[in-house]
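Remarks on the structure that follows.
By letter and in written order, the chains are A, B, C and D; residue numbering begins at 1 in each of them.
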Amino acid sequence: MVGDSDSLMNELYNIMAFVLIALPLMAALVFMVLPNLTSKSYWLLSSIISVITFGISVFLFMSYDTLTGGTQFSFTVPWLDQGINISFGLGLTGISASMVLLNGIVLLGACLISGDIEKRGRDFYVLLLTLGGGVFGVFLSSDLFFFFLFYELAVLPMYLLIAVWGSSTDFGSFTRSKEYGAMKLMMVLVAASVLIWVGIIAIFVETYLHGTPTFAFEELRRLSENGLFSVEFQNWVFLCFMIGFGVLSGLWPFHTWSPDGHVAAPTGVSMLHAGVLMKLGAFGIIQIGIVILPLGAQTWMPLLMVLGIVNVIYGAVSAMSQTDLKYIIGYSSVSHMGYVLIGAATLNSIGISGAVLQMFSHGIMTALMFVLVGAIYHRAHTRDIYVLNGLIKTMPHICVLFIIAGFASLGLPGLSGFIAEFLIFLGVIKISFWIAALAVLGAALTAVYILRLIARTIVGPVDSSLSDLPDANIYEKIVSVALASVLVAVGVWPALLLDSINVGVATIMSAL
Amino acid sequence: MQYFWLIPVISFIAFIITSLIGNKILKQAWIFPMLAIVLGLGIYCFGLTEYLQSRFDLEHCFRSSVTGMVGCNYSVEWFTAGVRGADSVNSFLGFTVDPLSLSVAGLAIFVALMVQIYSIGYMKDDPRFAWYYSVQALFISSMILLALSDNFLLLYVAWELVGLCSYLLIGFWYEKPEAKEAAKKAFTVTRLGDVGLLIGILLIWIEVGSFNMSDLFTQVGSGEIASWTIFSISGLLFLGAMGKSAQFPFHVWLPDAMEGPTPVSALIHAATMVAAGVYLVARAYPLFVQSEAMMIIVSCVGLITAIGAALICCVSVDLKRALAYSTISHLGLMMLSLGAFGYTAAILHLLAHGFSKALLFLGSGNIMHSIDDLNINRMGGLKSVLPATTILFCIGALSLAGIPLLSGFWSKDEVIVSIVHNRNIVFAISSMVLVFLSGFYMIRLIIVPFFGSPNRDYSHAHKLPFVMLAPMGVLAVVVVLFGWIALYMPGAPASFGTFLFYSHPKNFHLEPDIAIITLVITLLSFGFGYLIYVKRFSIFQNMRIKARLIIEIVENKYYIDELYQILVDKLVLPAAGLVALFDRILVNDVGINGPGYVTRTVGSIIRHHITGRIYVYLALMTTGMIVLGIIWLGIVIL
Amino acid sequence: MLELIHFNILSVLLFSVGLYGVLARKSAILIIMAIELMLNAVNINFIAAAAFNHGNGLFTNFDGHILTIFIITIAAAEVGLALALILRIFRNKATVNVDSFDIMKL
Amino acid sequence: MIPESSNLLLLMPEFVLAGLALVVFASDLIIPEGKKEWVGRLAVMGLIGLLCVTIFSVMGVNEYVYNDFLLVDHYSFVFKIIFITVGILTILISEEFVKENLTSQGEYYGLLLLAILGMNMLIQSQEFLTAYISLELLSFCLYVLVGYSKFNPKSNEAAIKYIIFGTFSSAIFLYGLSMVYSIVGSTQYSDISGTLAASNAMDPVAILGIALIMIGIGFKIGIVPFHAWIPDVYEGAPTPVTAYLAIGAKIAAFAFLARVVIGVMLPAEELWENWQMILAISAVATMLVGNGIAIVQTKVKRMLAYSSIGHSGVLLSAVVVMGSTNGIVIESLGYYLIGYAVTSFAVFSAITAVTYRNGVELIKDFAGLSDQKPLLAASIAIGLFSLAGLPLFVGFTIKFYLFSSIAIGGYLWLAGIAVFASLISLYYYLIMIKSMYVDTASSEVIHNNIIVKWPMKTVILVSIIATIVLGIYPEPLVNQINEISNLFTP
């Protein structure tokens, strides 16, 4: 009997990755079938679900064996063995380990923070959990078909989440309605996925014509190493991937969906949007583009690097003159994702591990910022930095954490952003001095707009109209403190993440 | 000595505790930081003793072949990124104990302790008393880390953290618009310099493959690195140093930084943090000396800064700002000294200046505390109101003016000697001018507020508590006595120069001719000041009117702030606005909305072929058939 | 002597006339009639092909004739249905001009 | 070699169906007014019975009957099942609509049954005359059904347009057939393909004949440039009939087209190569025109009609690549058709429910539906997301499968355009979803008076569940379809 329970545990252990994806999706399905409950109870239920997924993601992250490396928690079942031959494959790599952890954290935060959703609670949590499940799926898939399926699944709920629960803003000279933001986000992301889709089909066709039709990463990688994909083929397919995935990471000039999406989105959705959704693109470039199409990667990386540096500088400069808190953070995300792209474009292990670390760090940081901005907006009903001022007087908790997040964003050592950016700089300077110099300059520009933001809204004399606003509620406090502690923890002890990231990067490097 | 890492850690813990529970124990919030720093001082003293006694036979200690000093290194791995063994970056948490780090760390701990004691009195009525102490603790933690770190990455970490503390403390009274602007300015300007520092560190890594300082110096020493690279690396590092040490043209932040509480100015913006730039150059000295051009640049920047700031100091009417310019001037002097191969002199001056300037700032804090004003023209005759402060302030000021036997005298003399020996006559004469100017502004700052006739009613002046005067007294004692280590350094063969040196120990020797010349110049400047401010000679008043233009330029700080402001207002912000507009109009409305709009338009145009008339449909079908037929024929023929 | 080709030409002409009628007439009934012409062209083709080729190759049975009969039948049904529908619309709109049948367009 | 048999029992489903239709017509005379829904329920029960009959009598059979005129094989079996199921679902969603909006309810169901009969015959015919007659049987029923709303001018107009267009295209089809006949001397697929393949220098008359036949079929599918009737007819027809047109008729037409292409065109390789290009061009035009115009529509049914044109283009792209990779294409085509059917039912059933009482037709009139009738809104939303090709729903999987097989056939660019077209379609689907979920309910249209009875509810739930289940667990279905494709791979 002992053996039985052991093997049961083993079984459970092996399908952990599957459980992580299935749990939120199943919960969403159950919510749909369940009789109508109050919004609060849906919130409670989905919070419980997200606590569990958080637990599982921590478990997966902790149990990823950095000594063995490779893909762990593999889980493969045949899905279609006729025709185009697809299997449902999951696996945890060194890189996805930290990404899964990121999503676990941000999803939990987003759920907890969304307790004030009154309108159509059920629909909101169904969509939120679907989004979370989709993101987990992307990070865990070891099969191109399912990777793409989950990728689209993660994009799907965004439209309704923004359009129904979002907010429209009038900026005087122009307006950004929630419908516009949602529609643009959806259309741009799906347009980008057109390119990815074409790329995936092209890869599949190559393998099919070769007589080994497959979507599995491992298999594709092996085929790629055997030289199945010619240089010309790799060049154009990688370009598709680069732009397609790049758009999701806010690649210039296809980035405007992101700030406008933020401006329209409700807090929890903004967190997931900036925190994890934008990471999917970079993850795709690193985990798929580089591994399967290394030659194409080598061809296009200079372009990606240049575009990345444009992202960095352009995003920072744009953020400087924005007046809306969410715009500022949105453009700052564009700028920071530029670092990720640059890091990936270095094609050396330091740059890529920096990029992955930056993905994690930016995810946490920007989620934290959106929690706080959401809290401010919720209370003051404006995000205009010319209207808000001296908030630290009335909302000390929110503001102190905002300052922490801001400093993480400008790359203050001791917070996670610094190590990540620093590693990216190191990776870049091996390639080009001037790009590295511009990247460092970009970090200094970040300081300009973050400090401007702090000086305008957080410190200074306080307006009487803002003087009796309440501080963060208990959930906001919990979430923001937790996120800030992650920032500090990773900043002080980056080896926490870097150990597994290094292993993942080693796998990628061996493909090059 | 191997427990030195505890000093920053204890302070950091104090920071965390105080920031978490500080508000609950508001008036007692100083306890933990104070405890931490006392413990730190204890550890430091033990370590120092251990170092002085047994540095030659400890396991971790060895003599650096480049600097010749004995350094003790302790490190653990921090993180590794990339593929281990192949293409990776390893980073260590390591500290090094050598005379340089011991000196700077000692200065930091000691002054910090004094300032913290002083602050108990000075800050006691502030509602953010606890916050003040917790940031102080963080500052000490990071400052010690800065002084001790053995690699550039860790140094950069600490470098930024002290910048953060400076930011937080300048903006301590953040309700004041000036304070928040000053904080922003300080951080932004130093951050610009840090761009250089960071790129420099990256280049170092590219060249050396490690961040470790001694690795770099070994490679530099063995001549493996091209001179151009050395020049660029040292230049980039120097950019960081310029930012932190407020060297021209990055000096603009320091005067504004005086918006912070006065004890903060004393600790951070006079004694320790601003000296970090000098410390960095001294740290990387093996690198700098390899590049003659860089050394000249360092001297020039130092000289320009020193003279420019000294001139402004001569006309500044705000006591703290005047002191700030004096600080800039002295930092310039240190840079000048470093550039003139006066390594030991610069560090000695760093220490002497640190103690003296801390004393001066605390003195100005006393004035602030009692009469709540800093405009020296509205003071006068303070000596009768604040007698103790007057004496202490005079000690500090005279020390910096270079009056013999006080610590400033020894260090300044040492600096001048190295300038005269290693640089040409222009530098020598300029440094004499500098001596004159510093004597002049110091005597001005003594005469105008403290002596002469009172310009206001002092009846409401607050009394000074003992807790504020006591640390000043201690500092004054140090200021008086400290300079003697120039002649005899305990634990070292002889003078400070045999303890802290570059490449080979050298004894301090008083060069009587130079000493006499500087002394004469200083006294001359005193006399000059006496004539102007006490006797009020009309000839000077006339001169003042005639040289109106020049004085105005100097009073307005050469319009450099305005220039920067114009640059930001007329160039950077409009450019940013333009980019944002470009982003919205072109990238978004045309680039992203455009295709959607085009699709819609095309859709609404082609929909018109569905006219609703059957015969049109049928005609359409027939035409379609014919068109397809033509295409088909084309395909067949081709 | 009449060849198959002559019948074919006749059929093409008839088909073309029908096509012209379909495109040019505005009355629904005339359009239906024109379509009937086209169907008759089809019938001619079938009958002629079956008659002239009888015995060659696959032309061994009476397929062509049968086809024709079927087509005539179906065409009759079609016309009946069409006329019924036209009647229906005539009751509602009092016109059979197809120009007026454009409530739905674009 | 497929054996020939004279076993008329193989046609049992068709006999039963014809009988059922007669019974339904007759029952209409018996069942009193006010209980007419029992006519429909009778038809449903009959069809369910027919489903069993079909499974028991022709499953696994592979034989020619009637002198090679009909082929009872797995292909026709699968499609018969589909047609019957579509018929059942259509009748179920019709019930309330018919009761509220149409007179003479009984014949409605009878005609639907006859249409199914037409489809069944069409799919198993191996000869053009049989095919033509079946097609006309189907079409006649549809002409009547489209115009069934007697007093609705739109319905009348739609019927008139449909019948004129339909007879016109029949004439063209027949003319083409007569030309082919005059060369070949037979109307059997195998004879025609044999002659075409044998003659090296292709006879222009035969080529033109084939072209006209293809055009006739193209009209039924509604590919550009023969698409003009679709929006008007879809809009004017009663909503359940629109659903039937968009789902049943379309599947039948494509199944027929595939059969013709496989039976007639593929053996004549040279001819087919030329045709591939033509069809590809037409497919591109169909996808772009359909989706492009759908963007600017304001009426729901018209928007869906154009969207249906777009889907025809996608399906036609799959037909284009037939030949080179037969098996996988047929598999994906079949899978696509089934997926498209269940998805469309999710949309159309809910739209029928919304329109049966209020007669709303504008997209903006659906505002507030999600608050008042969440199930209907969810059904439409899921269906539209699925049609747009978003995952978890069958739309994603079928598109992925179909596009992959198009690309495997060497037409990656066509697949790319198809993906792009589905991007365009997402835009107008989202507009519809926005109307339902985001916009606040207008005061004029209130959906609260809609009553969703069990037949409708069943269809909605079944189609939602099928949309999801077929999307994430397609293996059994694909295996079934795979059996068909095995028939065509030598």
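The rule we apply is simple: a contact is a pair of C-beta atoms (placed from the backbone, for glycine too) under 8 Å apart; a residue touches a chain by one contact, two chains touch by 3 or more.
Quantities reported herein were computed from a predicted structural model and do not represent experimental measurements.
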With chain centres set to the mean of the C-alpha atoms, which chain is at the far end from chain D? B
Nearest-to-centre chain - CA centroid comparison: A
Cα centroid separation, chain A vs chain C, in Å, comes to 65
Just give me the whole-number Å value for how far the CA centre of chain A lies from that of chain B. 37
Note: chain D sits from chain C at a C-alpha centroid distance in Å of 26
Averaged-CA centre spacing for the pair chain C and chain B, given as whole angstrom: 97
For chain D, residues that touch 2 or more chains besides their own: 160-161, 164, 168, 172, 231-232, 427
Using the touch rule from the top of the page, what residues of chain C touch 2 or more other chains? 22, 28, 31, 98, 101-105
Would you mind listing the residues of chain B that make contact with two or more other chains? 596, 607, 610, 612, 614, 618
So which chains actually touch one another? I want all the pairs, not just one. A-B, A-D, B-C, B-D, C-D
Touching chain B in the complex, chain A uses residues 174, 184, 187-188, 252-257, 260, 314, 317-318, 320-322, 348-350, 353-354, 357, 390, 392-393, 407, 410, 412-414, 418-419, 422-423, 425-426, 429-430, 433, 436-437, 440-441, 443-444, 447-448, 451-452, 454-455, 458-462, 493-495, 498, 501-502, 505-506, 509
Footprint of chain D on chain C - complex, ascending: 4, 8, 11, 15, 18, 22, 28, 31-32, 35, 38-39, 41-42, 45-46, 48-50, 53, 56-60, 63-64, 66-67, 70-71, 74, 77-78, 81-82, 85-86, 88-89, 92-93, 98, 101-105
Per the touch rule, the chain D residues reaching chain B in their complex are 160-161, 164-165, 168-169, 172, 211, 215, 219, 224-226, 228-229, 231-232, 274-275, 277-278, 281-282, 289, 292-296, 424, 427
Inside the complex, what are the residues of chain B that reach chain D? 596, 599-600, 602-604, 606-607, 609-610, 612, 614, 616-618, 620-621, 623-625, 627-629, 631-632, 635-636
Chain C residues touching chain B - in the complex, by the definition given at the top: 19, 22-26, 28, 31, 98-99, 101-106
